[in-house]
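Taking it in order: structure first as structure tokens, then the write-up.
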Amino acid sequence: METVKKEKRSLGFLEQLYVGEVVKGLAITGRHFFRNLFIHTAHLFGLMKSRKGAVTVQYPEERRVIPAGYRARHRLVRREDGSPRCVACMLCPTICPAQCIHVRAGESPDPAIEKYPVEFNIVLDRCVMCGLCVEACPVDAIRMDTGIVEMSAYDREEFVNRRDLLLGMNPQTPPLPKTRHG
Amino acid sequence: MEKILTKNFDKPGSHTLKVYEEGGGYEALRKVLALWTPEQVAAEVKKSNLRGRGGAGFPTGLKWGFVPKDSPKEKYLCVNADEGEPGTFKDRMILERDPHMLLEGAILASYAIGAGKAYIYIRGEFALGGERMETAVSEAYARNYLGPNILGSGFCLDVTVHYGAGAYICGEETALLESIEGKKGWPRIRPPFPAVAGLFRRPTVINNVETLANVPHIINQGAEWFASLGTEKSGGTKLFCISGRVNRPGLYELPLGTPLRRMIEEEAGGVIGGKRIKGVIPGGASCPVLTEKEIDVPMDFDSLARAGSMLGSGAVIVLDEETSMVETLLNLERFFARESCGQCTPCREGTRWFVQVLTRIAKGKGTDGDPDLLLDIADHMAGRTVCPLGDAAAGPVKSFVTKYIQEFLPIS
Amino acid sequence: MEYKLTEKEIDSIFARYPDKKAALLPILRVIQTKAGYISPEAEKYAAELIVVQPARVHEVVTFYSWFREKPEGKNLILVCESISCSLLGSEEILGHLKKTLGIDVGETTPDKLFTLGTVECLAHCDASPSVMINDEILAPATIEAIERVIEEKRRNTG
Amino acid sequence: MTGKAMPTLTIDGKSISVKPGSTVIQAADRLGIFIPRFCYHPALSVVGSCRMCMVEIERLPKLQTACTTPAVDGMVVHTGTDKVRDARRSILEFLLINHPIDCPVCDKAGECFLQDYYMEYGLYTSRYLEERWNKRKVFVLGPTIVMDEERCVLCSRCVRFFDEVSGVKRLGIFERSAESYLSTYPGEVLNDPYCGNVVDLCPVGALTDRDFRFEQRVWMLKHGDAVCPFCARGCNITVDYNEKSGIQINDRRVYRFRPRYNPEVNGYWMCDTGRYGCRTVDSPERITEPLMREGKRIIPVVWETMIKKTALRIREVIDQDGPECIGLIVYPSVTCETAGAAKRLFVEHLGVRNVSTGFPVDPSAYEDDILIRKDRFPNRRGLEEAGLSGGRDAEWILGAWGKGELKLLYVIGDDLPRLLNKQKPSPIFEAEGVLILQKSTAGPEDEFARMILPSVMSLEEDGTFINFEGKAQQFKAVVSPFGESLGSGDILARLARALGLDTETA
Amino acid sequence: MDILIILIKIFMMIGFLMVMGLLLTWVERKQSAVMQDRIGANRADILGMRLMGLFHPLADALKLLTKEDFVPPSGSRFIHTLAPFIAFTTALVGFAVIPFGPPIHLFHREITLQVADIHVGILFVFVAAGLSIYGVILAGWSSANRYSLLGALRGAAQTISYEVSIGLSVIGLLMVFGSLSLSEIAHAQGDLIWGFLPRWGVMVQPLGFLIFFTAAVAETKRVPFDLPEGESEIIGFFLEYSGMKFGLLWIGEFVEIVVMSGLITALFFGGWQVPFLYEHGFEFPWGTRAGLPHGLVLTLQVASFVFKVAFFCWFQMLVRWTFPRFRYDQLMRLGWKGLLPLSLLNILVTGIVILVFD
């Protein structure tokens, strides 16, 4: 492999003094400060409403549209007959970097299906929401498309999402809007 | 043209000992037991250029020579009368019409290799042939052509007629041995070869019916005479079973090297209804097909090998212009798929795959890739199986698909 | 149906082979001739005779197509399906038989008279198409000849 | 040596001399060159049916199967040429025609030959357009084995195992051609003391173990070497285990035992009794903490108290009644080291003479020529070597205990045959004296015990077993002690210290 | 009476500092938000009133007061409790000597707008700042946490290093003004140079100012010199603090900002001086005069002081939210190899100038 060596730009004398550079930096942040301060102040008087002084979204009153592919809380997909689609192959606990998924497999009552998850726990307070479990699933049984981003609880035990809870969740409705990337 | 093997066939009661002896039967045996050493018999057969008539065409004398002379173990001779190749019926004819000729050949062969026990493995479906063979054996025992101290020579031989039970694969020599041993007909891996460790792990020679039937004639009339009948490398005449779309299908004894076209047009009376020949399978179901242009080939082991086919068992199957090559190949492959023993992977799975693809093509649901797929499967089967059945199944596919590719492509 | 071999039969078969186990095919052949098929009990019986596990016998019975595991009709009609016969119209014969007997390949008529089957090459390619009825070969088989035989069998065995 | 010269052959550029009669695959294995295989197994007969091990041999036109080709002097073998790879790929393609490729749900995934080769040869798009055959999926062959016929590649390893090793033909391949299938004789149940081995043998997921089935994916397991403690053979085993994580749903640690190759002891095999003995390790009946009887109740105590009280009891009996009123039973389930420690403490220091090494071998127990021994204890020979046997027999001790002649009975180790076979009653009964048990798993005699000191099982400590042939086999602890249990030797050393004895020698 | 006045002044001062500190917590959030195109804390409300998040300091205080007061089990409870008080007190004390207005005459007394007019006022500030190190060290040590201790050590090393520069940087100024008393220095800055330039410290000692400001930021232990705390690292001397003890350390930090701003104002930006504003009104150099009542002048001057302090607080915030953190070696290099020689140079040059011109 070819290594590209980047020449380090040597600084001039004035730059080495840093004083000018410091001022430059302060000027940039200062510019933002005064411009936004001005806009905010104008807003107080009902002016310049079209220009926004901040990009902040006032969650929970305001909510951003969750883009397609956003990794929200997990759910387990059901088959048409309502049984879990999961085949308890344990690829998700295998790939999980946080080791937050625990599956116990059992013999499926349906002879056409080899095994199914007797227990399926996702320990959310360990989860890093990386989505690797979704990628690893060979049967598309686990998805992170619930659109639920709030995950909080008063008790650790509440973070343990069990199979039936996961099966009971629905994908985000209405359907996700198409983003720029499709 | 002198008939040798089939000379007694048309005599009434040709299968009886009486008729056989009247025609000079068991003379060779008497001569050999009285005057010859086993080595001399083997040498004579070797000199005669007799080649195996079962399909592979291996020199018989050479095969006998592989049996270790000094082995303390009992040696066996197995007669392969498990004729199952579609288009072949010569062995059945011999069993039914002249079992003593075979039996004499078997006795001579046993003497040559020093076998004290011979098994005649007859296909289970051959009711008449089996019956006549068993009769012949008991007649021979009665006359002391078999049993202890044959004709006072001190040579002992027991012959057992063993029936197969409907498995083409048992025509393969090691599968045949397994079958005699009372097992499934799963071909054995080689080495060890049967000549060293065959039936019951003892030295064994396995010969085809037709091959052994030649032996008394070689002894009677000499190796030179026999060799002169055939081509340079293979002596004697050959029984050709001509079947398919010809006017006079049947068994024809012809010298090796007879051109195929002459055989079809003169001996077998040409194609039914005077139709054009589309192709000919020259040596039984496992041999690659020849197109109409290629059938001037002389019918002997080497010429056919040069033409890209095989003499096989000498079963000429004629396909006329109305025949569907896809259906024909499907028929052949269905045969192989059913008869595959299921032991080794390429043959077990490949033959089934052939049938499935060909069935699809026959139903008109073929794809552009199918001919290539068939050829590829055939390539992957040929030479990679335990026994030659894989080659046998792959050979026709290769020749049919390459020579008649238009029929295997979807109609667009 | 009685399938057991007599002492004499057993002895004569064992005498032919240096190893008892090798006698399996002849024994099964006798059993099938006697009983018409090889029942699980017969398999176990054969296994005891040659002192092996029944699984070994079952392997052999299932491997060879000639052995039958189910009782079949009194007359077994086998149509050769090989290439030579197929070229000369064995499909027509088979189709006709299916129609006449009202059964498919591998089935037995309700009156237990006929069982229809196919077979790989009966080695009567010189007289194609060939049909085997019990142990007799009908070659070349024509529809008329088949009709005649079936009628005859119906009369004789019905 | 047969006197024949050792043929030297070259495989992939490496030369090796092998014994006459060796095959190419054996030579390659010795060189560390892995040739893919399904049907070949060093301990089974060679059938050459899978055709996976084909290699190219110079001067031979066709590819040859490495498992059937004898090594010949001067042979030059190539195992990685395009032709060979193509052949392997084609074999895999044939095998995968009807294979469900359900690795995610297959228990064999992770240790499956077919899967490994499939990944290596990358047959990701199938050319097979036809409809797949459905075969029997979850077919229960016997109490321990379940079969998935669709996954079977008909390598016949299992069939040959029963034919050749266990000696009874339990399985057969029936029918022929592509319709052939593996099964027991119809109606027969696969029931053999060595059944479990076919699961290890099966190169694909066709035969799976009902005990291990679905319990854990193999790649999650750690492996440790151990010696099977369930009979006098002392089979070498590999223990597949997970360390307890605390957050797993399934807190089972030891998932299975597998035989570990040792040509001198067990070859490639082990029996099912040993194999399923793995259940005893994490059994709910294991004793987790020291227990002491207070009146009717039995209460957990801390180790310090336990040791102190136990020592006090022993001292009391010795001072009041003398050491002849103490009985000691050491079951041969303990290691040589523990036996030695027990001898030093009880016999040499305390002067106890009523020592027994448990009960005689059950003459009605099952035994065969393959592996299983009548003696279900792993270390009877070890106890003899340690000099513990030759004192009293157990019958005498129990008699004296019943008569009240023994004021204290100290029992070390587990009654393993009873542990494996719950129906067998415990020989120890209630009597006047003080019963102290030092063992790992609860049993019916516990209700008479005054003190129960939980000790570890053999997987949880280092030690040595001497098998019935006199082979000493050392092993290391594989998993950590269960609960608060301690090593048997450790308990004895603490006891010695509490008794005021020199711990260096005790 | 005097005591009463002093007490009033102390209360005023403390009140001022506390209010400023509390406000700064809000300012810090809001200012950083505005600088970063955000909105910032605005959710604490009383009856729906949010007042741009002005209730947040109150909410914070409430929260801190009600939080668990955690003491590491292996730490020293007494010192752990003592440390924040030391830190907070020393931060407060420094402001005592800073004059926030000219002396006023009330009730026939001259009342200095300064808690304590000490002759060596400036030294007092440094002493107070030096003592604050105890708070840091004790906090870090008593937490019995190696990360706390590391933070504390970093803090100590950093404060000591920069104390040298901060001390030397004002020497030039002292030489110019010839006094150590802050009120005198403030007073002296009312003069003009060449008749039109206010004689503010920054005019006569620009380099001194730069050094002083840099070192002052370092003394407050804020970005880019926030290694002792390192919000984004695990290291921090108040790692193990919670509740109001944490609040004290936290407010103390803001108080330090105010104190430093006050010091900068007093030393370099004329203290309470407004250019050209004298006791009786404006007197511009070009001769314009505008008489103003005394009360107004005084108000203007105090307001000017407060404004200047507020400005520097704002400016420190700006700096804090603009620059990335130094690496520790860079921090040390700047202190010892940059600021120290420069301040020495500054003294030398100042000395020469004074010698030459006087």
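In this document, chain identifiers A, B, C, D and E correspond to the written order of the chains, with residue numbering beginning at 1 in each.
Quick note on the criterion: a residue touches a chain if its C-beta (ideal position, glycine included) is under 8 Å from a C-beta of that chain, and two chains touch if they have at least 3 such contacts.
The structure presented is a predicted model; accordingly, all values stated were derived computationally and were not measured.
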| item | value |
| --- | --- |
| Chains touching both subunit A and subunit E | none |
| Top chain pair, ranked by number of contacting C-beta pairs | B-C |
| Middle chain, criterion being Cα centroid separation | D |
| Taking each chain's C-alpha mean as its centre, the one farthest from subunit B | E |
| Between subunit A and subunit B, centroid-to-centroid distance (C-alpha), Å | 74 |
| Between subunit D and subunit A, distance of the C-alpha-averaged centres to the nearest whole Å | 46 |
| Separation of subunit C from subunit E, taking each centre as the mean of its C-alpha atoms, in whole Å | 111 |
| Two or more partner chains touched - positions in subunit C | 56, 59, 63 |
| For subunit E, residues contacting two or more additional chains | none |
| Where subunit B touches two or more other chains, by residue | 167, 184, 338-339, 341 |
| Set of all touching chain pairs, with the criterion as stated earlier | A-D, A-E, B-C, B-D, C-D |
| Touching residues (chain side subunit C, partner subunit B) in the complex | 16-19, 21-26, 28-29, 50, 56, 59-60, 63-67, 81-84, 86-88, 119-128, 132, 135-137 |
| Interfacial residue positions of subunit D with respect to subunit B in the complex | 46-52, 54, 62-63, 65, 68, 70, 86-87, 90-91, 93-95, 97-98, 127-130, 153-154, 173, 175-180 |
| Contact footprint of subunit C on subunit B as seen in their complex | 74, 83-89, 91-92, 117, 123-128, 158, 160, 162-168, 179-185, 200, 241-245, 249-251, 281, 285, 315, 317, 319, 323, 327-328, 331-332, 334-335, 338-339, 341 |
| List of subunit D residues in touch with subunit A within their complex | 102, 104-106, 137-138, 213-217, 219-220, 245, 247-250 |
| Complex interface listing, subunit B residues touching subunit D | 167, 169, 184, 186, 189-191, 337-346, 348-353, 356-357, 360, 367, 369, 373, 380, 383-386 |
